[in-house]
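Heads up, the next two complexes both have chain A, just with different partners, chain B and then chain C.
This part shows the complex of A and B:
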């Protein structure tokens, strides 16, 4: 308790809690050289992200962040009004732009729900229940995670086509449900790719919950299901949050599955940017408008980044701490 | 374990189990199956017919006689080994720098280097589309150094092929992948008792000795793990390569690795030959399972090392 309070205090105070933090191993001069070297190495990253955002506010097509240009909101206006290219065929409506953002959100939220629903109970079983093949299942999940996605997507799409023919060509469902089918399929298919690793991460969180907590519930007569739902799940909220964030980001950023499974008329931000640029057909004058779209697309990433720094660094390799 | 509770594991594992069967095992079987059938243009009815080993024969014929296929193989070897080197060595150096720096500065840099991994593929592709644009920052940079005259797409220009395209695909994927090693190595360095570093410093050890005689040997399993895992990831990754090729940032064939070839053959706008793609995918599956098993063995050696997230 006391140590926790102290470390919290030192974290809040930052440097002022200095004695609790470790001093760096090297001297100030060396630190300065290191920082300069790292800055130089980071230059492409810094410059390219800066350029993207700057370009979206720029009156001309600038190609480096240092080029002179005038600040304008014109690109944003064009983007939000759906005016992306000079030819009439490519002028979209504001509703279209909105639906694109909504589509991206649907996929991201759907993936999150499926990932949590599948991996939380599985992780609980793998952490707490004794059954045959438990260790084998855990190992198998790692193999699945390592599996070449491109080999899977052929089979996954074949099933999609087969079901499509049975459901829609065979007349089991009216055509109006086609879009719903595509979205549901892309969500579940994409979520499945996240499930093995999410299960592993959540298992780590369940492992850290003391057994006594669970025994108390079971001894009091709660069923396994109830213990899981009412006792264990609330205790691993940070883990659920972490997994949910990663699942959301995975759905949010997905390009390949969206391009493959969703029709062109239902683009997400990813496939929209992709369609603008593929084949190298876009007129250069509209690149700033695409930059505006990409900046919108980047916003959740940046938000998650700012609010979950520590989580990201700890979770990016699965070494999550509860 | 009382029999009354034996339903519990099955119940808790049911949703995951369904997804694993429907989206891993079944597709895997289908892909392997498809490689023995004449399926094209997604006519799934063709999955009922068999052509024996024809698709494999076609694949090996192409490997031997099609110059484009030769480019794909060359690109795969150069891309995987080049990016692997960047990811492991670069990740190690970044981790050393981050470890030696004051925590606040270090945190900033680690986050900055994680940004590419977290950025949506379409946006990340766009960043480098601008950067390697025929009139982009990189070309301006080369012009300023006097290495280049006039605007040109480095990844497409015949004068610079194949290395122009290879440089770009290694650069872009290296930026995404390097943070993986950085994070693993950084936490490995942190887990070495601080006294060891201190003792070495007190004894007058130089930084080079600390790196070579303490950090490298004590993290050797991490290094092996990152190398094998990255090797597997790089063999199977294709999303970033896909946008670079489709957006014409790089040459089609010198930007295409084996896994992108599988994807383009199955889903491409010009070819839609799922049978051939499946045969090529089976080779990837065999390699993937082998490397995956190797990773498991390494993780057995280093129990504390948790499994990992991230595609590259």
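This part shows the complex of A and C:
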């Protein structure tokens, strides 16, 4: 888009070729305008996130961007101690807060593992093997990805209940395993929403690995499985990393499936914040403390942008040259 | 070391036959080439030997044992790819050690053998690097080391030199031939470059459109091309092809454009007479013709008009046009540089002239004498039959 505009501009000015280097002035001018426009468009989002983080370090409740406030760590102390209001009307134990963060991590890590384990072999098969309905499967994956998770929840719930009856009412498993079942169910259900797109992305990475590299491994004496494990997977590392990050974020941020399938006693950060902001608890919660919780909730996103810029660029370039 | 043999091998991709009924033998311990233009099926043939492809029909034999259904990891072949196909995420050492580790070779022996083969190929000091940090020539050696370290019974080379620049290519070409002789390994070398094939091989198999055109020593293939394709593919520049008429009486004589007359003697004359051809294709090599201002005695001479002279330093290539619009190339001494438009005589020693049947495109020398003039002909050329070498 941007490059198109640039080359159009340089062509209008009578410069052939339309390459950036050939029209430095116009190029830079356009870039400046574009950057400004993007900044302006994203200002509301930047502003609200800034406010959120600021609020978590503020001594008073901030109502507008121009309000003066004092820096304090009090909100963070209260949050980690489980005191959701300075008046201590709602008290959770510090252990509860910790377990909440751990729950969130379990769901996020679980989703990551399931997504990678399912989509890497699927992507390999779709990229390398010829079988019937291969093209149809590829198209179907895109369709699956387009499906909103919310629309599926009734069906997903029905399966949950069916399995629950089979496992626990039927007496296959003792009741102590119910929490484990719920976690496993949330993880698999949420992961399955990520699998189509992840498979599609990883297929693109497998496609770029030259056949010869795989053949070389086979000729060198490796079995198909070992070739996949020792040669193909390492070669699509950037893709695996990207997919893993997306899966982790999806699990970390997940709200609906968590609210529906995890018991109230096992909240994640998302369901906790949601609970604090909804229904009867809004008046009782002190917002700066909730902001601290929300900032913790944001941490993976922030880390993601700090550490993965280079990786994602590499991913965009394929990351492989044999 | 083994002898590799292909028996009636076909490989069909979808509706395209990449390899048709190939019967070939690669002698034990010899350097054999498969030579053909791109899309001729030569790489497919190599992958059939390696086991990456399974023949649609026919058999691949190693020392008489049918290995057609044996997967590549059990064939003990070494394969060097055109793009080297090194493992980018492994160091040079790990790349070379990979085949050994797969065989559960003890650590010490892995170390010893990797160093040994690396020293032999002059990459002993590169073992800690990654492939991306190496030059093309070095990557090529690593690929060769990886293929050789497992002591394969046959070494397969798929255009291993074509990604290198010209000087490196010349050097490695010599080294490769020397290495093969020292190791006494059966080597099969796929190339589209006829000079590589001629320079390195004990045996050349020329392939075109999935079919073997000729098998022989470099001299055979060069001096006695079996058909028009081989004549026009081999040589730099390739052989000149000129259509000519045949006069039947008294003896059969070929009337060349530009006034020459060639009356073959002996067996060739009787074959020509018996075949009853009215037209033939005359082929001669650019370096076998002598350019002069008049016809030379005992030579067959054609008069042509100089079109252009290309000086190459060591020699000149003179292009002349003959009556009838055919152009031929002649290699001359660098001092011979006639002006464009001048008329010159192309003088040919009769023994250097080859005659082909325009119908079957076969060298008349190779044709059986009558009473059975019917000879197995290559199938008519059809369009759209060239084959992409690649994924199955």
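General remarks:
Operating definition for what follows: the second predicted complex is superposed on the first by the 256 of 322 C-alpha atoms of A that agree within 3 Å, B and C clash if a C-alpha of one lies under 4 Å from a C-alpha of the other, contacts with A are read in each partner's own complex, and residues count from 1 in each chain.
Note that in this section contacts are C-beta pairs under 8 Å (C-beta built on N, C-alpha and C of every residue); 3 or more make two chains touch, one makes a residue touch a chain.
Computed from a predicted model, the values in this text were never measured in an experiment.
Partner contacting the larger number of chain A residues, of chain B and chain C: B. By the touch criterion stated above, A:215 is placed in contact with chain C alone, chain B being left untouched. By the touch criterion defined above, A:226 lies against chain C but remains apart from chain B after alignment on the C-alpha atoms of chain A. Of the two partner chains placed around the shared chain by superposition, chain B and chain C are both touched by A:130.
With both structures placed on the common chain, the touch criterion links A:180 to neither chain B nor chain C.
Applying the stated contact rule after C-alpha superposition, one finds that A:201 touches chain B and leaves chain C untouched. Of the two partner chains, neither chain B nor chain C is touched by A:241. In the superposed model, A:144 makes contact with chain B only, not with chain C. In the superposition on chain A, the residues of chain A touched by chain B in one structure and by chain C in the other are 130, 320. Listed in rising order, the residues of chain A touching chain B in the complex are 14-15, 21-22, 24-26, 30-31, 34-35, 37-38, 41-42, 44-49, 51-52, 55, 63-64, 114, 117-119, 121-122, 124-126, 129-131, 134, 137, 139, 142-159, 161-162, 165, 188-189, 191-193, 195-197, 199-201, 204, 224-225, 228, 246, 249, 252-253, 255-256, 260, 269-271, 273-274, 277-280, 287, 290-291, 294, 297-298, 301, 304-305, 309, 312-313, 315-320.
For chain B in complex with chain A, the residues that touch the partner chain are 1, 5-6, 8-9, 11-17, 19-20, 22-24, 26-31, 34, 39, 42, 44, 47, 94, 97, 100-105, 107, 109-123, 125-131, 133, 135-137, 140, 171, 175, 179-180, 183-184, 187, 194, 197, 201, 207, 229, 232, 235-236, 238-239, 242-243, 246-248, 259-260, 262-263, 266-267, 274, 277-278, 281-282, 284-285, 288-289, 291-293, 295-296, 299, 306-311.
Residues 130, 210-213, 215-223, 226, 231, 234-235, 237, 320-322 of chain A touch chain C in their complex. Every residue of chain C that touches chain A in the complex is listed here, in rising order: 47, 50-52, 71-75, 77-79, 81-89, 98-99, 102-103, 131-132, 146, 150, 390-392.
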